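Two complexes are shown next, each including chain A; its partner changes from chain B in the first to chain C in the second.
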Partner chain A sequence: MISRLANPAQFMRVSGAVLPFLAGLAAVVLAVGLVWALVLAPPDYQQGESVRIMFIHVPAAWMALSVYLLMAVASAVALVWRHPLADVAAQAAAPIGAAFTFVCLATGSLWGRPMWGTWWVWDARLTSVLVLFFLYLGYIALVNAFDDASRGARAGALLAVVGVINLPIIKFSVDWWNTLHQPASVFRLGGPTIYISMLLPLLAMALGFALLFAALWLVRMRTALNERKLRALRLHRMAEPRSRPADAAPPGARPAVH
Partner chain B sequence: MAGFVGLVRRDVRLALRQSGEIGLAIGFFVLAVALFPFGVGPEPELLRRIGAGIVWVAALLAAVSSIDRLFAADFADGGLDLMALSALPLEATVVAKCTAHWLTTGLPLTLVSPALAVLVDVPPRDMPVLVFSLLIGTPALSLVGAIGAALTLGARRPGILSALVVLPLCVPPLIFGAGAVEADLTGGGSSAQLLLLGAFSVAAAVLAPLAAAAALRAALD
Partner chain C sequence: MTRKRRRLILLGGGMTGLAAATAMVLTAFSGNLVFFYGPSELLAKGIGPGRLVRIGGLVEQHSVAHLDGGREVRFRVTDGKTDLPVVYDGVLPDLFREGQGVVAEGKLNGSGVFVASSVLAKHDEKYMPPDVAAALKKAGRWQEGGKPPP
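Coming up: the complex of A and B.
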């Protein structure tokens, strides 16, 4: 299934058919989730209305980690099987993941101001997410730093795999160190400690973010493949001047002076 | 093994004869430490509080600032191709080059660190912990740096790019190294942090050569 989809032509066909539905579904789920989270969900008994930042912050954080993991898996596939589509997938995911990481940091900072009384603290969770953001930026810079695109792709893939080391540090930073950031309250042994009227809109938002990522990812992958095709066509045309009309001057002849 | 030792000796000798290689790293280290009192003010209490962190950050920057040239000269003149063809596995070549890099940057930085620690008012009681943390931590910087150096071979602006790639990965040794001195300073035991720092170095010694060698193969393709 996957290997059949991994054929670029097949991928373009299938993704072109899936994309409108995926984008529509993402829009609907996000709209429902936003209204549910920002209007209908109850305010927190301690934090009041500012708890609503959570419905953006937490899904963005989940996506920041998941997208990096996905990028690393795609990179590993690219390194092992040298499949061109895997490189495209990893590179298409990186800027979206960086954007989610930035949203996570920015909303966290906005939330920290009223709750902790500070925009930023250098605790382990915040610092490790900041490092994740730099890893994304380093990956993007590295991929684009070479004249030879395939060399950049391989270097980037290696860096993405090496950077996976940061993911468990982020995930467990709140357990290993005594941080200002609260420990996990959804994915934990013994079930979530968050109340159901807040958990459900949170999960809706998470689903919406995931669908949004999938749609944007497909768009970016399709764009990258189209760009590649364009470049190949252009090179092809430059290499073959024979595509001119038959009555034109033969190659190498000087243009006629009128 | 003979090839390994020969490579280490060659690189160390090159660094010594291209005079200033070691001096530059130490000069950078001294200057970077000396800039902090200008920035944060000369109060001894403040400097004592953050001194170990200053020394560690400066050592990290000094070690990483020279890392992009780890493979660059051999890559440019084709020597790296010969090393890849030699009987020595590329992973061992990476370890040899990292050893030489550590001998010419990490070790000298560690040796001059007590003098700098005095400048930023680190108490003499904590000096052994600081020196020891640098001694076991700086090899990790050379090893992790080798990944960045290998990845950025042939890139545009490799210096700034390798720093961007390497510095995020160097955060753990910085945390544990500076944290060990901090723990010693505040009366807690520093052994836990030192053990973690040592563990990071040992893990880097195993994993970083694999990643760097893979990156070198990509560069030599």
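Coming up: the complex of A and C.
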């Protein structure tokens, strides 16, 4: 299944068929999730209405981590098996992951000010997520820093794989060290500590974010593949100007000599 | 096939080495990676007066007293074993109250009182609607600042 889809032509066909449904589903789930989270969900017993920032902040944080993991796995596949789609997949995911990480940092800051009393502290959780943001930016910069695109892809893939070390540090920073950030509420031993009427809209928003990512990712991958095809066609034409049919030649051009 | 296998082994080996190195570095520096010390840790580490540190813990019940027209506040921070008197002159975050987690930055003075220059509130991982919290309190299953109810 995977190896069949890894053929770019096959991927273009399948993704083109799936994309409209994916985008529509993402829009519906996000609309439902937003109303549920921002209007219908109850306020928190100690944070009041400010808790609604959680419904954006937490799914964005989950996506920041999962998109990075996806990017690292795709990069490892690209490094080891040289699959034609793996680099495209990793590079298409990076800016979306960076955007989720930025949303996570920005909403966290806006939430920290009223609740903790500060916009930012250098505790282990906040710092490691900032490092994740820089890893995304560094990856994007590195991939585009080479004239030879394949060398850029190779260097970027290595950085993405090495950076995966940061993911367990982010996840467990709140357990390993004292931090201002509270420990995990959902993915923890002993079950979630979020009441069900707040957990369900949170999960709906997480699903909406995941669908949104999937749709954006496919669009970016398809664009990258089309771009690559265009470039190849253009190179092909430049390399073989004489193979053009004579009637396509500009007026006044010398007829091809055989 | 063999080249793919060689690349896989190289990558796997490299990542294993990197993970081991990172684990060792983080363990070695774990004392510097903590954001704050609990009162017991502060005493155990023998951090004396005059050094800028952050302490964290729960605000002890019935320990908050406002002095000097309400701006200066005294309270005790506890980790369940040791507690430490804190004095702070400044704006407190909204979540500050007895039983709430706090992180205070400041220095110990000569008489063992922690003079805070900033106080941040630390909230726990529990989220619930107000009526559920009220019901838990009414049923006596509420532990302020303690572990979440089973």
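Following the convention adopted for this analysis, the second predicted complex is superposed on the first by the 243 of 258 C-alpha atoms of A that agree within 3 Å, B and C clash if a C-alpha of one lies under 4 Å from a C-alpha of the other, contacts with A are read in each partner's own complex, and residues count from 1 in each chain.
Heads up, the rule we're going with is that contacts are C-beta pairs under 8 Å (C-beta built on N, C-alpha and C of every residue); 3 or more make two chains touch, one makes a residue touch a chain.
Model, not experiment: these values are computed from the prediction.
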Chain C versus chain B on the shared chain A, clash or fit after superposition: clash
Partner chain in contact with A:154 - chain B first, chain C second, else both or neither: first
Which of chain B and chain C A:135 touches, first, second, both or neither: first
Contacts of A:17 with chain B and chain C, given as first, second, both or neither: neither
Of chain B and chain C, the chain that contacts the larger number of chain A residues: C
Which of chain B and chain C A:116 touches, first, second, both or neither: second
First (chain B), second (chain C), both or neither touched by A:162: both
Chain B versus chain C as contact partner of A:235, first or second or both or neither: neither
Contacts of A:69 with chain B and chain C, given as first, second, both or neither: neither
Common interface positions of chain A, toward chain B and toward chain C: 79, 161-162, 165, 169
Footprint of chain B on chain A - complex, ascending: 79, 127-128, 131, 134-135, 137-138, 141-142, 145-148, 151-152, 154-155, 158-159, 161-163, 165-166, 169
Of chain C, residues touching chain A in the complex: 4, 7-8, 11, 15, 18-19, 22, 26, 30, 33-38, 56, 91-95, 103, 118-134, 148, 150
Residues on chain B engaged by chain A in the complex (per definition of touch): 147, 151-152, 154-158, 161, 164-165, 167-169, 171-172, 211, 214-215, 218-219, 221
Chain A to chain C touching residues, read off their complex: 42-47, 51, 54, 76, 79-81, 114-118, 121-124, 161-162, 164-165, 169, 176-180, 182-185, 188, 190, 193-195, 197-198
